[in-house]
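Multiple structures follow.
Here chain A shows up in two complexes: once beside chain B, once beside chain C.
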Partner chain A sequence: MEMFWGLFMSALLLGCTYTLVAIGFSMFFGVMDVVVFCCGDIAIFGSFAIMGAYAAMQSAGLFAVLPFWVCVALLIIIGAVFCAALGLMTHLLSIKPFHNSSELMPLLSTIAMGTVIKEILGLLFKPAVNAVSKMVGGPDAMTVVSGRNPQAFPALLMPNGSVLSRNITIILITAVMLLLLFLFLNRTKMGMSMQAISQNKELSRMTGINVSKIVVITFLIGGVMLAISGFLLGSYQKLMSFDDGAMYGAKGFSAAVVGGLRNTWGAVIGGMLLAFVEVFVSGYIPRGTAYSSIVAFVVVVVFIVFRPEGIIGEKSVEKV
Partner chain B sequence: MTNNDMPTAEKCLTVAINVLIFGLVFLMLRLSYQISLALVAAVIAGLLRMERKGMIDALFSLFIRNRNVAACAAFICMLAIPLLLSTFRYQSHIAVMASIYAMVCLGVNFQMGSTNMVNFAPAAFMGIGAYSMAVVTMKLGMSAWLGMIAAMLMCAVAGLVIGLPTLRTKGYYLSLVTMALQLAFTQLIKNIPYLGGPNGISGVKALSVGGFSLYKTYTIFGVKLAPHFFYLIFCSLALAVLFYIALRISVSRCGLALNAIAQDEIAANCLGVDVSRCKLFSFLIGSIFCGIGGALYASLTSFVGPNDFTFTRSLVFICMVILGGMDNPVGVVVGAFLLTVITEKLRGFSDYAQLIYALLLVFILVAKPTGLIPKRVRNYCELFGRSLVPPTSEE
Partner chain C sequence: MFARSSKRSYLFLSVMLSFCLLLGIGAASAADAVKIGFLGPITGSDASEGAAARNAFMLAISEANKSGEFPYKIEVIEVDDQSTENVAVAGAQEIVSDSAVVVASGFWNSGPAAASIPVFKDAEIPLLIWGAIRESLTNPDNVPYITRSAPTDKQENIPLAVKVLDELGYKDWFIVSDVGSYGDGNFNAFKAELASRGITAKGEEQVPEDTTDLNAVVQKIKASGAKAVYCGSTVAIGSQLKRQLFEAGVRDILFCGISGMKTEDFLKIGAEAAEGALIVSPGVILEDTAEGRKFIELYNAQGYSEPIGAYTPYAYEAALILINSLRACGEKPTAEAMTDAIQKSETTGIMGATTFNSIGQTENVAAYLNVVQDGAWLPLEKSEYQGGKRGFGAK
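Coming up: the complex of A and B.
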């Protein structure tokens, strides 16, 4: 039973990180009708930005001056700003130019954009060498560390080494983000316009909604969501690799599809379902860890084939 | 036939253009990387310019009118390249890689170009072919030719299995299915101990004809040939066969049906196109092409590992198809060749290879989304040498 609750906890944590990426996918798909495949890379970029800012802040001695939690909040804000900027850049460079062309084009251009982000991370990120060598033991364990090796993510959420407090913080942060998003979407005029655009772009334009402005704002908010998911993923996994983006993005997109694209709560359900499948397969099936991702993808394919509208999505009938 | 009243000058022109094209191919392979890359850039710029001036259209109709002469000339020129490169080991290697990649790209083109279904898993299909080859020759100790057949069979089965969900999905969902397949394939291969796990399988046999290995250093008339010599000839011939098949399919009724599905699936269905069968066909034939490429790759490098068949590699194939021009076998082969030359000549900067690919992909998508040699209007009158329909003014 103890094992069950342990697995339950890890599944919940993994589900939290998937959920936020899936929400990013859903939001972008809602307003632009395109799948932004570089979401995963943007999230990874966010966590690397936080890592870089952490190293910079440490060398500047900021942690001695400011209280720890202020520093962490500052780091999250820095990551969020980077990702929001990146989200905006993605929109301007790889989605807007292909507005009227076939759906193939934004698909490929966002994948290319993701590769650019990933490669820039791999080339430019020069890590603090002792961070990784400390993890594998001894300062001489890894003397040559390039940006292409996995990087140690600073343990920002467990200052006193307590795993439980970290876990609770991760779940709390996700819950707060979901609550904020819910309030934004349903209680503010901007959020309502966003929903209107998701339902019918032409009609919302006719009712006087500034569609292009709302789209830009969506990409900024989505970027913030992705930055936080990257931060949570880093805190959960402890090690980040620059090329995690493709896998992470595919998981996030899968979660969004399983739950139902365009639907925020669908993203939550999909993310949790995927995480639970993955974690319990690796926990209960012998040698299952290796196959957990594969089982998750099989679940996705089954969903796509038999219920493409997702768990709580609306069925769309194609009209000629 | 009407060939007799065609002026001989036109035939000479066809031959000359063929020699020119293959001469350029040879120079790109042979020269040092600065000059070769400059040549690649010049070719890309030239193709863009010719396309704008309508010269490529003229070239196509010239070749179609004199297709027998053109085919013979191209065949001879193609065989001249291995002879000219016979003592250059690395350059022959680039040529072999280019022809293998061109085969895979021709396979991808059936799905991506003709039917407008983006397949993100060509590297996985290539991997299935390569691993079948490795298992048959290395683990079971059988002949490499049997490995080739096994690769084709395995890929056909895999293509059908992957093709089945595509009947119910399209657009993004389809790309997600193929993407999931690609990511799962790499994970799966890494975790099967029989297939060597992350270490892969080494010692794959090379193809051999009657005891003579195609991949071995021979000395003929005192000239020490590069080990790739016979392999390059074989790959060129195989590419020529696959290219011919792709060309025939694209002008056939089946190719037309695939295009109709790409335009509008429902409309195609209403016009009597068997959508399910055509989609399955495009996956089947495409994955067989990828499998042949994979088997040849395995037998060239004599090693297969999971890192050769990753998602990134799939993106490279997609990039090749888009660069060359979707739904045009000629364009696809050109794209595969150009991108292979760029990659191999930039070996010294391999850290930047992915970045270059991605930037190039964005550049093509923005500048010329149809690629260097985009698809043509099928000119059946010229193709069959007779006037099937009276010329109309709408054309």
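Coming up: the complex of A and C.
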């Protein structure tokens, strides 16, 4: 039974990381009808932005001056700003220019955007962070290693607490993010406009909703969600690699498809389902870890074939 | 109009002439150089090992150039294989397509090495492997082009097995590796050591190479009742496994493994989590020999940002073997002459005298054990674990 609960906790934590990336996919697909394949890379960029800002803030001595939680909040805000800007850039550079092109074009261009983000991290993380750190901290500045090396994510969540308290904090933060997103989507005019666009873009435009503005805001909010996903991922995983984005992107997309690509709650259910399948296959099948991802993707394929609208997605019927 | 056109033609011709002259100068200088290739994971998850190896290799070549002993300059074509097969093959193609290349040395990862070997064999360019340890890389089919100065996975696992199975007496094992070429080789090598002593592991797991969450494996280890964990993988998986074992409260257990984990990156998981990891390393304890101390001094004097890793001395040694072979080839070394010279070479360096057997594998095998103590790597014999002041975990 101890093993079951251990696996249950692992699956829950892994599910949290998949869920937030999956929500990014769902939000972008909902308002733009586009699969933004660089979601995983944006999340990893967020965790690298936090690690870089951490080095610069350490160099500037801010941790000695400000309360620890203020510094952590600042780091998350910095990560969120970077990812929101990156979300916006993704929209402007790799989706908007292909507005009237084939559906394949934004698909390919967001894959290319993911590669660009990854390579920028690999090439520029070290020189950029070290330059800023040295500027604010002088010769004793904290420096980072090449962006292509594994990076140690700083202990920002419950640094003096137990592993269990850190894990519970990760789950709570995910729950709070989901609650805030729910309130935003259902209790604010902007959120409801987003939902309206997701259901029918043309009708939304005719009712006076500024679709372009809502699209931009969606990318900004999606970017923030992905930054927090990167933060939680780093706090859970501790070692981050610049090329983790493709894997998390694939898992997040799969989760969104399983749950229902346009549905935020579908992303949650899909993320959790995928994580539970992976972890329990690894845990209960002898030498199962090697096959866990295969089994998870078989689940995705089964859904695509037998329930393409996802677990809680609605069937779309096109009237001629 | 005509005058303007003539002037333009004149200018164009002048530019072309200058360009040709420059090319001519380039060709002349190329004729005075002998090129060798170097391949390794200079960036990526294994960068700390690959970049340090590149530094050591370049250092040896730079020393040889400075000595003035050779009537030509030795130039190195450096390729970053990023621990990836297709990148390595592209790099190997780049090296063999340069007609001035007479030899190459490369690889820390067995997968990229195995994928690139056919490229070197087809081009008849000799390749000396400095760090990839999968046993099958040197075999009769690869003679005479492929040689290796590093030990094989089997040779590396033997001293570890002797220590943990025969001396420390651990019987309840859980073995973990990745499914890649390196991991699989180590997995089978250690499993064979267990089998030869009549031990069956309580559990075994091979994970995909990009696995970051090993908590399910940790739960399996906990449930199996194993008292010792063997990890035959690289630092990316090994360090995560050790950290997640620590976080899950599995601390009274022996954690041991292979040289792919003995890097500075392993220590990034924190001193407490890394404590007590017992890792086998190829070669000799550098501080204990005059040649080793000289190498440390020379390397550190360069101010490299990458510290000496487990295979850094092997990369240096590989460069010494190539330099020694170039020496044997006279004023105009060729790939053919180098192939023969490497096979017959006997080079005395940090590890002692290196010679090759009939399948191109070094006959000079050395290895020692390291342990993490208070957040730093120490040779086991110089640590508190050796005297029993600290323990590895209940048996």
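By our rule, the second predicted complex is superposed on the first by the 295 of 320 C-alpha atoms of A that agree within 3 Å, B and C clash if a C-alpha of one lies under 4 Å from a C-alpha of the other, contacts with A are read in each partner's own complex, and residues count from 1 in each chain.
We take it that a residue touches a chain if its C-beta (ideal position, glycine included) is under 8 Å from a C-beta of that chain, and two chains touch if they have at least 3 such contacts.
Please read all numbers here as calculations on a predicted model, not as lab measurements.
After alignment on the shared chain A, the placement of chain B and chain C results in a clash. Legend: residue contacts after superposition of the two complexes on their common chain; A:Leu185 is shown touching neither chain B nor chain C.
Once the two complexes are laid over each other on the shared chain, residue contacts for A:Pro150 go to chain C alone; chain B is not touched.
By the document's definition of touching, of the two partners only chain C reaches A:Ser282; chain B does not. Look at A:Glu2: by the touch rule set out above, it reaches chain C but stays clear of chain B.
In the superposition on chain A, contact of A:Ser10 is made with chain C only, not with chain B. With both structures placed on the common chain, the touch criterion links A:Ala85 to neither chain B nor chain C.
Look at A:Glu119: by the touch rule set out above, it reaches chain B but stays clear of chain C.
Once the two complexes are laid over each other on the shared chain, residue contacts for A:Val216 go to neither chain B nor chain C.
Contact with chain C, but none with chain B, is seen for A:Val163 once the two complexes are overlaid on the shared chain. Among the listed stretches 110-118, 128-136, 164-172 or 218-226 of chain C, only 110-118 clashes with chain B once the two complexes are superposed. Put simply, chain A uses residues 122, 247, 287, 290, 293 to touch chain B in one complex and chain C in the other. Interface residues of chain C facing chain A in the complex, by the touch rule stated above, are 43-45, 47-48, 51, 82, 179, 203-208, 210-220, 222-223, 235-236, 239-240, 243, 247-248, 265, 268-269, 305. On the side of chain A, the complex with chain C involves touching residues 2-3, 6-7, 9-10, 13-14, 122, 145-146, 148-150, 152, 163, 237-239, 241, 243-244, 247, 278-280, 282-283, 286-290, 292-293. In the complex of the two chains, the chain B residues touching chain A come out as 116, 118, 165, 168-169, 171-173, 175-177, 179-181, 183-184, 187-188, 190-191, 266-267, 311-312, 315, 318, 322, 351-352, 354-355, 357-359, 361-362, 365-366, 369. In the complex of the two chains, the chain A residues touching chain B come out as 35, 93-94, 97-98, 101-105, 107-109, 111-113, 115-116, 118-120, 122-123, 246-247, 250, 253-254, 257, 287, 290-291, 293-294, 297-298, 300-301, 304-305, 308, 318, 320.
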